[in-house]
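The same chain A turns up in both complexes below, where it pairs with chain B and then with chain C.
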Partner chain A sequence: MRKYSTIFKIKFLAGLQYRTAAWAGIMTQFVWGFLEIKMFQAFYQTEPQSFPMTYSGIVTYVWLQQAFLSLYMLWFWENDLFEAIQNGNVAYELVRPVSIYNTWFVRNLATRVSKTCLRALPILVITFFLPPNYRLTFPSNSTQFLGFLLSIVLALLIVVSLSMLIYFWAFYTIQSLGLRMIFQTLGDLLTGAVIPLPFFPTLLQKMSLFFPFAFAQNIPFRVYSGEISGIAMIRSIQGQIFWIIILVGFGKWLEFRVKNRMTIQGG
Partner chain B sequence: MKLYKRYLLLHIQTELEYKTSFLLTAIGQFLVSCNVFIGIYFMFQRFSTVKGYSFEECLFCFSLFLLSFSLAEMFFRGFDQFASMISNGEFDRILLRPKSLVLQVLGSKIEFTRIGRMLQALVMFVYVLLRQPIEWTILKACITVFMILGGTVLFAALFVLYATICFFTLEGLEIFNIFTDGAREFGKYPLAIYGKNILLFSTFLIPYACIQYYPFLYLTDHTTNVMVAFTPIAVLLFCIPVHLFWNYGIKHYQSKGS
Partner chain C sequence: MIHVSRLSKSFKVYKREAGIYQAIHSFFQRKYERVDALDSISFDIPKGEIVGYIGPNGAGKSTTIKILSGILVPDEGECVINGYVPWKDRKEYVKKIGVVFGQRSQLWWDIPVIDSFHLLKDIYTIEPTIFQESLTELTALLDLKEILKMPTRQLSLGQRMRCEIAASLLHRPDILFLDEPTIGLDAVSKKAVRTFIKKINLEFQTTVILTTHDMQDIESLAQRIILIGKGRVLFDGTIPNLRDIVPDPKLSLEDVLVYLYQKLGI
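== the complex of A and B ==
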């Protein structure tokens, strides 16, 4: 366990070094979130009765999405891992007395968390003080807040364990660009990054629940605003745990197969 | 012009050397804008209009905007990557050559993979034409062409502006992406839906609305005032300060050193 926490610490501290980039990112995300809210506002003003979320629900969703962007982005990859797989350097990782699944899992986790630490806080603090129409409100009660805290972690584990599958898949295909692209675009849509899932047509909304993507950002952001509460909240968190078990299990199985069948060419 | 043609040919040849990679990147571009399209489509499954604009009208806006953006990105990508050009000393080498600077920067990168995005834009454009026939007149056809050209010029000017800022900062400013990628993202709806202030900003500061919203109003018969149809020309006004700033930048450029 200690080796993994060390890897986490190293990666986490390395991530904290990019502070200027983070400031630029914060500014960009602000403008982005602001325009996004304006857009939903336009739809809300035109036909409030067709709006599938509460107005403050969508504002919350947009700001949390911007604040925790680096936590859940599906298009983020540790490119040196793909390179190592392609040029064979991964052999060095395989001879180490650690599981590569766990190592890579922790690395991904650390990078995402450290990026988020830099960006999330300023965005959250400022959005609490915006004019009422754009303000991020507090969660409605402490149950919702606890649910939010729990599901935000579980959602992160889902995203990381999903991307682990792609890393291990790269052992088989070597050129993984195509696969990554399908994963990113399909995932972005089903996770509610393009538009929140409640805006999907009803049938597709139900179908999206059969994919793990729907249990990522979709859950914590809507739990926070109280759109998912009570039984639905417990169900959602159960769903998250279910998917983590499946995805990690599958990833571990891939790791096992890769370890046994791998041949490194040349020396 | 001859030199540019050679550059063009060279880039086509390089791309063709890596066919799979080219194809995959182009498909990726297509899929990303496809997601945006699906987003709009889903919104209009639920809402019939937004601020009085229909689905087809929004798509029309989006397709033209996307088309001009991808054209600009394809041919002016050299300016977009200017930061790295300055930092690796490539620009110093360019300065030494007895040929036009702009031409050489342009020739340094031509991104044909953007064809994926263009394809998406064209598909949407054709779809709109089939769904909601605009009553075409020669004037309207001309305006459409002007909108696309004006948009390309506007985004190209923004890329140049971005590059010029690099003269002073010596590195890329991520924040500038709001004006390029951000505009591409939010240009999917007629700019008026974002409220009055955004519209004012995109009329007088960076004239996005002049190549999108105003001529669009005329094309879809929301207004009969022919004057608004000529707003794409305003883009040229935007180009003047950018051009001056670029010249100023070159004059004051101190190499990054080695």
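== the complex of A and C ==
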């Protein structure tokens, strides 16, 4: 375990270096957050009764989404990993006494967590003090808050185990851009990154539940505001655990297949 | 120690003719060709030997090294090293080997070399005292004192290669695989690398398997040569043995090889 915690530490510390990027990110997230809230305000004012979430629920959703963007963005990749596959440097990873799946998993976790550490806190603190119409509210109660803490971690594990599939798939295709584009575009929609899932037509909403994407940010952000509570919360967390097991299992199976028919590019 | 028997490996290679028409055609129907990288290779290497593994480009040298170091899985044949089958018991097996690929880097690009070494320390779970001992030894032998604190990206090729070699030896492996370790190095760095390999071989009985195109590497290091071509072992013996095959005893080792490559048509 120590091996992996060292890899985490090195990646985590390396990620903390990029402070300017973090400030720029925070500014973008505020602008984006305000625009989204404005848009949903317009919807709400026109027809509050057909609005599928509470107003404070949507504001909370938007700010949490902005604060934890780096945890759940599906379009973020560790580019060195794709490069290593393409130019054959992955050979060096294979002569280490570690599992490649675990090493790459930890690297992805570390980068996402370190980016989030720099960005989340300022956004959360400031949005607690905004005027009421724009304000991030406190969690509805302590049960919801605990559920939020648990599901925010599980959701991260889902996102990372999903991207692991693409890394290993890249061994087959060598050039992985096309695959990544499909994954990102469909994933962003189905995970509720574009608009929250309750705004989808009923059929699409039901369909989205058959994909792991719906168990990422969709769960913690709606648990926080109490939109998902009680039995639904427990079901959602069970769903998250179910998907993590499936995705990690599938990823490890891919790793096993890849190792048996590995070719190293570039001699 | 190292037992290799009837090892074979082939690759699928994707081919097409030049030109747009051919490019479009291959979009729908791909042509693959099977290339036999290794065709029933066998040899045994006892502990403490330095073996020069030579042959022309594309002979299968790197493929052999990659199979022996657990990276690639062969199609057929067996290979037992220190009681392990490299590709089956990879995680356990690689704890006791060191690998250097002369054309690649294992050091983290933008952090100081010493940080990469510390990462390796944890990856191989090296005891702190042993790590410190190895580090001191390697620093002295390879003259690393000045460069350990520099980020890898700022090192010259010679400096980097010395660090690469040190990195593969921190965990004190029994076997060291060197895939073209002197490629691109100047005379001084080459010599430093050779002297060092000899030293660790004497001191720690490290088995060394070395691929190279530099015959001076071979002459100054290898107690034994394995020559392969087109995936087959063509010769296995000492340098004098090799010279016996050619008519002119005055030929340089380089010319001996050229003669053999031409005669054997490889």
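Note that the second predicted complex is superposed on the first by the 265 of 267 C-alpha atoms of A that agree within 3 Å, B and C clash if a C-alpha of one lies under 4 Å from a C-alpha of the other, contacts with A are read in each partner's own complex, and residues count from 1 in each chain.
Definition applied: contacts are C-beta pairs under 8 Å (C-beta built on N, C-alpha and C of every residue); 3 or more make two chains touch, one makes a residue touch a chain.
Remember, predicted model here, so these are calculated numbers, not experimental data.
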Pick one for A:S99: touches chain B only (first), chain C only (second), both, or neither.
-> second
First (chain B), second (chain C), both or neither: which does A:K3 touch?
-> second
Regarding the shared-chain residue A:P48, is it in contact with chain B (first), chain C (second), both, or neither?
-> neither
After lining up the shared chain so the two structures overlap, which partner does A:A91 touch, if you call chain B first and chain C second: first, second, both or neither?
-> second
Quick one: classify A:L35 as touching chain B (first), chain C (second), both or neither.
-> first
Thinking of the overlay built on chain A, is A:K259 touched by chain B (first), by chain C (second), by both, or by neither?
-> second
May I ask you to name which of chain B and chain C touches more residues of chain A?
-> B
Counting only touches as set out at the top, which of chain B and chain C does A:M27 meet: first, second, both, neither?
-> first
Following superposition on chain A, which residues of chain A contact chain B and also contact chain C?
-> none
Which residues of chain B touch chain A in their complex?
-> 20-21, 24-25, 27-28, 31-32, 34-36, 38-39, 42-43, 45-52, 173-175, 177-178, 182, 185-186, 189, 193-195, 198
Contact footprint of chain C on chain A as seen in their complex | 2-3, 6-7, 10, 14, 88-89, 91-92, 94-99, 259-264, 266-267
What does chain A use to touch chain B in their complex?
-> 21, 24-25, 27-28, 31-32, 35, 38-39, 41-43, 45-47, 50, 52, 175, 177-178, 181-182, 185, 188-189, 194-195, 199-201, 204
Spell out the residues on chain C that touch chain A in their complex, using ranges where they run on.
-> 11, 62, 66, 69-73, 87, 90-92, 94-95, 97, 99, 101, 103-106, 108, 111, 115, 118-119, 122-125
